[in-house]
């Protein structure tokens, strides 16, 4: 593992991070159908903390997130260069096994997407495809994960009914529990609260803050107040470049880069 | 403008109305439960059971085959291949084009292959021809359905560590009502096709028993018997037309119901 | 759990081979038809075949002109009837009709599209043919059976309604509302806007719909065969019988093995159909795909 953890891009200065990085992004470039979307990203993501990626829409923050668990390179004509290390292992190495990498990272999408099956099967789906057949164990996993997200009391009597019958806030918590059930190390959130009401948003935010003791969390958000509420670190992305990275207070209150200053003050959106 | 709309929709009711008007007097239990007696072109007795059964066999078998071949192709084009690649785009274009190729061309080529191999006109020949004809329908319909699946559903499933094949199975569950629509559309095209079966399936007064023997089909029962000078035989044509119309109407109504179900499903 | 990955690979290669297999059918059709029709082309040159009027297989005369003209006649008649009607009807549906009307009419188009050709043929024999012989022909003082290119054209027109309407409606929907608003705010009436702005903007899509309909009309076999009269002569008027190419194949495949070169001639007819329709379909699909991408 690397003891010194720093990021170096043209505009940013070095920051010494207190903990060892869980993920390291090195010289990452992404091209979609010939367009240069992400430009030379270098970043260390510290473990057991929440890192928020902020920036105006279209800046590439969602692309960056999806690059982290290799969802970009099989959906379109996409070219990725550079590397993303998870625990020092390059997930873009030629012999890397994609399903194994993705299992390590849970994705919480923009809107909740329950799988077209029952509440129980939604949680049990992940463990099942990874080979868990024992019904007792599956039941145990389902209960534990639903308790983890505070959903157990609400749904324990209707585990066999369709997941689409839940409210949208409940669905998003279910999706979180589903992701946790495959025992990931990292949680990736792609504007995960943008479809939710304020109360559900708060529930999810609190859950994420709780979860960071066991997981490394990376969130994409365009709401600065949310980034301030939940995150320990913030990365500001602009026009495909990592402009500034640092502790939440530093980036939001004392941004070094003039573009970050303008964004934080609301001049660019 | 209204007149143009009225004349177009009016033509639909005119067609169905005339077939009902001519066919209804001939519909009876004997008509739909017996085979023609004394030859389909001249015999006065019997009914059209041979054609009903033959059509159901033919359309059923080819729809099953076309679905089994078409669904994996659609999944391959949407899940395994890189989207936007040349193979993906040109394959989809080619299936669009194949969809427009008339059945007489499929029939002609199948016929000459059968002659070359020494196979005579039979249910099997018909099934092969009609399967080729319906594969593009299945591929196109399923492809369009898969395009409506939200990208994030694919992404979250993959994020659980699912393989592409496992993800495909989840997507199939998601578009299930739509898959039935595709199957019904294919069945409707299969049961109504004439030119393809005319060349490859032949016709028979007997109930279809073996796959390597000629079999009667409803469209051909109509086509052959309509031109007969004997009123009873013509009656069998009218009755066949009515039965075929009813089958098609049932299919269209079912697809309509399924389509609204699929819409509800999309949260 | 390597087994899962193996399963995924099997699924991948199985579906890929199904794709390649089914696409190779196209190649098979072309090669097969070309091989089968080559004996005819060895004996007579292509230009001669396409322009010769005389069709008498027993004597070895294979002139395709009557069939080509028969196909062209019925196709043109159907277009003359269907194109204006469909443009007007689809504009009406998109621009004027209430949502309720639109929602109830479009499914009817699906019914019309689902009706098998043979039922159109039945309708043609029972309704269109008598209509021509008893009502239309007497106006011109002509006495005929009614089995004519006109009957074929009318039946075909109805058959291509649904494909044209559904595509035209889709194309008209892709035209941005702002464009309409801009024209209306300049003081143009609704009808002027439709004529000068909407239909002009929709032109490529409408052309694609027509081309697709033409290829459908070219290949239609049985419905046309049942009402056209099928006499291998070049039709001179609307009321003459005609003999389109698909009908030629369908009517004669039974005896084609007994006369030399007859089978080659019929396969040549099928090849001709395939090439023309493939080309037409390709053009219109490319236009429609482009429009979809820009929308």
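Here the chain labels run A, B and C in written order, and each chain numbers its own residues starting at 1.
Operating definition for what follows: a residue touches a chain if its C-beta (ideal position, glycine included) is under 8 Å from a C-beta of that chain, and two chains touch if they have at least 3 such contacts.
Chain by chain, the UniProt names read as follows: A = Phosphate ABC transporter ATP-binding protein; C = Phosphate transport system permease protein.
Here the structure is a predicted model, which is why all the values come from computation and not from measurement.
The pair with more inter-chain C-beta contacts, choosing from A-C and A-B, is A-B.
Of all chains displayed, B has the C-alpha centre closest to the centre of the whole protein C-alpha set.
Farthest from chain B in terms of Cα centroid separation is A.
Work out the mean CA point of chain B and of chain C, and you get 19 Å between them. Averaging Cα coordinates per chain places chain A and chain C 53 Å apart. Put simply, the C-alpha centre of chain A and that of chain B have 47 angstrom between them.
Contacts with at least two other chains are made by residues 163-164, 166 of chain B.
For chain C, the set of residues that touch two or more other chains comprises 4-5. Chain A has residues 99, 129-130 in contact with two or more other chains.
Touching chain B in their complex are the following residues of chain A: 33, 66, 69, 71, 74-77, 99-100, 102-103, 105-107, 109-111, 113, 115-117, 125-126, 129-130, 164, 175, 178-179, 182, 188, 190. Contact residues of chain C toward chain B in the complex are 4-5, 7-8, 11-12, 14-16, 18-19, 22-23, 25-26, 28-29, 32-33, 36, 84-86, 88-89, 91-93, 96-97, 105, 107-108, 110-112, 114-123, 125-127, 158, 161, 165, 212, 215-216, 218-222, 226, 246, 249-250, 253, 257, 263, 266-267, 270, 273-274, 277-278, 280-282, 285-286, 289.
Within the complex formed with chain C, the chain B residues making contact are 1-2, 4-5, 7-9, 11-12, 14-15, 18-19, 22, 69, 72-73, 75-77, 80, 91, 93-94, 96-109, 111-113, 115, 132, 135, 163-166, 168, 188, 191-195, 198-199, 219, 222-223, 226, 237-238, 241, 244-245, 248-249, 251-252, 255-256. Per the touch definition, chain B reaches chain A in the complex via residues 82-85, 150-164, 166, 170, 173-174, 176, 265, 267.
Across the interface of their complex, chain C is touched by residues 97, 99, 129-131 of chain A.
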